[in-house]
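Both complexes below contain chain A, partnered by chain B and then by chain C.
For the complex of A and B:
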């Protein structure tokens, strides 16, 4: 085996290995066997079987794809402003980007988590983390819109997030980079003395989905990388991989790879809840933002949160444990039964598989090798179910098919390996193009996976699609895993760099999908429920236009009396009550973006005219045969002009009554 | 040259028919933004419908009992619906704006037809000859405004009152 010969390189730094791997010659045209088009072809008018939600990585967004077709269904803006529909530009959504660092209109979205009930996807909400400015977002799956963003304080690089518990009780996250808490001006070289890591538990309201930072656990200053929560018998526990147990602070690729093993943190969150009830926490003053969209008005409001509750494991025995895990671990995955926890070491040839029962027995009998900062370290051998020996190079992530098999991506050897969890035997391997990161099986992290498809998300894409300059779209590859052997079906391009995805049967989302917002229920303060309510109001230098949109006109379509230096707020209500009939609104020279207004919704665009003249505005989303005619003019006069404020539709504006300033 | 013109005209005509054709069952949205297979079949089918169509239209509304005097509560609700969902396109006079003016509508159309047009607009535009004729005149498909049957009845009551005010007569279509 050619791949095996690479194992000798294991002691050299990871980056070198990655380079070697990407130089391997792959046979571009391999692999597709039989008539796979039948398996991925979804005829016009037919629907895909699954929704797959892929994180958009450095785009800050989420994309929804259909499986098995690989068709892009929607891009959902989350952490980044989005000119296509005005998310982050409209007055209603601006507050979504408020953080303790100010307005942050971008992030790096990583891990998708669907809400669960009893360990199965319930199709209600989707959660995703912002890695750069630590935050967690919630997307409502009736509307596919981001409705909430919660910042997580005192952490950096919120990579290890937002992993959900089996009834969506909590979203668990850990800091990737430890920090001084509270922040202070100290030498970086004082890392070991001054830096602390936090593991965060965000509770999710069972009815509304609303998030709340319930508590944080203070941990040694390691890097917390990925997590999973227990299920079934292990429900109530969280498992998190950590790296840099060396606590290095420079040239981590060497200095954080010194030890043969790193650590996995094992947390009893039910115990943490008990300690919380007993008041065994420190309330700390800090600052973080909670941004929530009001369902009735569609307007986001921000609240600055000023306290957090921190639990110290030293004072709370039985709550946190460590166990050694192979060098520089990444994935940390729990099988559908909740018994087996897979710990991968990127720089280890072997994978360690832990047994929940054995971990509990070891804890019960104080089978510890010592402690770190008062946190007991379980003897490695005592918690082990066994070792999967040399399955490939650079194991990253594992998902399960519900039939007793696990599938692991190997970054360095560019493959997906199927193995038997109980017997610890490799049963199949398939090449990927190239360097896969995450992989997903629909329901693959739940108690009941739908073991039909597997999607591998590749970091590098060369030669898979028509070239597009130096940068290529990242690639997802779809495999059929219904048989004994995996079968490659399809490549499809993805947005940004997808870090994890989750996929769910369409039947769990499709019937609940909202088709329009009922205009009767629109509680926006500037709504115009019908054309009769369209009007223009002046308040000092603010001009508020209550505008309506319906096929095929905007009301009003002539506006005069606006002056240079005014702040003009276009509050556009879409009067339509029909599926898939948004109207757009664009204003010439507007310094932001257009807005897209869903049927029954009100959205507001702020426009500040800089010079006198006539300005055109129009609908951007093709709506009818007379879409081009759906437009209007705004007259802008000098600051000292006495042009009266008037508006009209279908009438001569001179015939309209002058509106006095209020 | 002439050939080209003819072709262009034909294409336009085809486009027009196509855009009026609609998607048939399961397709409730505006065909301006959606093409479906089998459109031509449906167009043929539509042609087979008798020219006048069913005076009660197509839809769940089979029989409406009109009462006098007019119900003031229904009128008030109907007026509110009109102002929120209808007034952008329909005037209370006989002036055609985006859609036809409402004056005299109950004298021209049976109550069942009116209510089916409100609640089942996509099917009506695709299959009812009278509705199709209106579409040819107005060139904008009436949107589905999500009006319930009860609210459609209220709107009808408001139309009856409006007809009395605008034309001094109402419900003439029922008598005809």
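For the complex of A and C:
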């Protein structure tokens, strides 16, 4: 969901809103039926059945929750720096924030995509988009750490991302805001002539998960909003909704809401692969960054990529089609069989459901109503499976339960509606509190959904929780969908503004979870694999401290010979080889952050002392009975002083041999 | 007797003793397996010695350093020796050969257990006077056989599969002695 939506809905007649408001008030009191606590209560010592990964929206991160308990398990930093563990502040992770725009310490993360094998979640990786500075990140699910970030060039507002194909061959994304390509200084009013939209295909290495921008398809300058890839019979195709086919560039809430129908783009990516092989692309010089963490060293490195391959549909027939969709579509969802594609318009009272077979038949028989920039437009009726009439107001997103039913969120009428995909009949509706954006059913995007729970991610929380000033945590609501009727089970607060989530049985992740990094596999250039290797080195005005951390001391814990103006690098290796024993490292007055070092890992904190004196450093993660004693002192002398560089642990520093300065 | 020798090889394939340390902070417990020539942990317990040493340093117990325990080096040779003697006893195939072999193995096993006891006594009693945690009157010797509370740990110490093979060997060797007696009597 975008901010735009709120504004847009202001244009909906006031009377409608007033009626809805009264409905909601009535519903609040009849929320929960029966004794549902048994269903969400996960007893102490027991585990949740599912991991749910929620995007953080403006927090730029991802949160992992347990279902059905709604317990927060972890916040995974992705696009925003995270002083809590030093992500983005440690020398190892700084490079993760490099982009062609410079270092960007935040983003707006929207859509969670778990990797798939044969149309089912395989529990290996998690992908998420950065909406603002167009990027896609990969999280390794053995460690729950962000290991890669790939920038997407020449797009703006990468909202429509990163939708995965059924064997994780590609992550598909589309630009939300079209731009001049290459960027240039042109009047904004020349939008129609100068602006182009790009649909991007990022390939995923089947073994390592490493991402690569395989190709981009140049499209008319519309707003590409959401996408899904085909599965089963429709594998090899992507479906993307677009709005602003009016190509407006000002007051979009009115000017991009004029046409009764917008468009859905239908892309045959297997065909695009063929054209790519035939060399039917233009290589364009541009700039985008690829940031990847080396598994052995744990250090992120950035590579500036300078070329991209663009395929033009005008020169590649049979690759891209359009079909009209009702007014201002948002969601675009493919059912588990791969046959039905829901492309609803958020400003339309009806929902259009397309049939893959009919779309293919229409393409086969050239059943077109014309073309846009050389892209054939399929006749609306020809591709339609049918219309779900008046299911609610403001349809947004749809997920499936694998039993023939679809569940759609309605933003304006604030409800989740269950409907039969084949028969196009509404069978149940439940109020939400309030204004749901996305919803998720574990596996609800895959060929085999686990149709047991549904989580609605609500945009407004008023009166659900104890007030916390003007801002309230967003609310997620858990429904039991195992029966004929949806049953509300639980409200739980979320971090940031979750846009989409995916949930996966714990059994697919839990057994592969890494408990610590093996120290013998640590190839960090500044690792100290034992206290015997702890040392301090000076290289000009750089001081490198090879420090170790183990319960309950840091080695060395007395350091002298550092001067004002030095750059002090603390390379801290956690020597522990046990689960759940991270150590922290914090330096008094450090202008960066603290760092958390996982067992077997090395992390580096840069500290630049500004004045002479004695500075204390310590472990920030309560690690042991003697955690409070896990500390040390650094002596900082004047720039011209001749205090020798020396260090110690457990003995008088005066007894240490002086190391000659290099 | 031949089976007895085979069975004796079992001490190389399985740990002799198992000490389990249970505490709230260690779900599933810490498992220390003592082999004829090394130490090992239970499932995922590759780093058992390091983790036990980290715990022991609070109360001033010495670090367990398998490399500095000579028994782990020469015990395997003792077993090799016994295997060789066993083969010789088969070749001799005399009652006295079997009985001396069995007796020798019994004595050696007894000495082994006693040696193990001495090590544990030393670890449990010989504490660093500067240890951060001192509990007056407390020693930390794990039980040789049985279970015991040691501060926040509940320690269980029992023979493991290897020891059963050793006992089996002794029994089989005794049988060899018994049957060889019969055959010779006939």
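Please note the rule applied: the second predicted complex is superposed on the first by the 634 of 662 C-alpha atoms of A that agree within 3 Å, B and C clash if a C-alpha of one lies under 4 Å from a C-alpha of the other, contacts with A are read in each partner's own complex, and residues count from 1 in each chain.
Note that in this section contacts are C-beta pairs under 8 Å (C-beta built on N, C-alpha and C of every residue); 3 or more make two chains touch, one makes a residue touch a chain.
Because the structure is predicted, anything quoted here is derived from the model rather than measured.
> Please work out whether A:531 is in contact with chain B alone, chain C alone, both, or neither, and reply first, second, both or neither.
The answer is first: A:531 touches chain B but not chain C.
> Would you mind checking which one, chain B or chain C, touches more residues on chain A?
B
> Looking at A:577, would you say it contacts chain B, chain C, both, or neither? Reply first, second, both or neither.
both
> Contact-wise, after the overlay, does A:555 reach chain B, chain C, both or neither (first, second, both, neither)?
The answer is first: A:555 touches chain B but not chain C.
> Which partner chains sit in contact with A:466 here, chain B, chain C, both or neither? Use first/second/both/neither.
neither
> Both chain B and chain C contact which residues of chain A?
Dual-contact residues (chain A): 550-552, 575-578, 624-626.
> Hey, which residues of chain B end up touching chain A in the complex?
Listed in rising order, the residues of chain B that touch chain A are 19, 28-30, 32-34, 36-37, 83-85, 87-89, 97-98, 139-141, 143-147.
> Across the complex, what residues on chain A touch chain B?
Its residues touching chain B are 44-45, 516, 518-520, 529-533, 548, 550-553, 555, 575-581, 622-626, 650.
> Can you list the chain A residues touching chain C in their complex?
Touch list, chain A to chain C: 515, 550-552, 575-578, 624-626, 629.
> Mind pulling up the chain C residues that touch chain A in the complex?
Contacts found on chain C: 44, 46-47, 50-51, 54, 57-58, 132-133.
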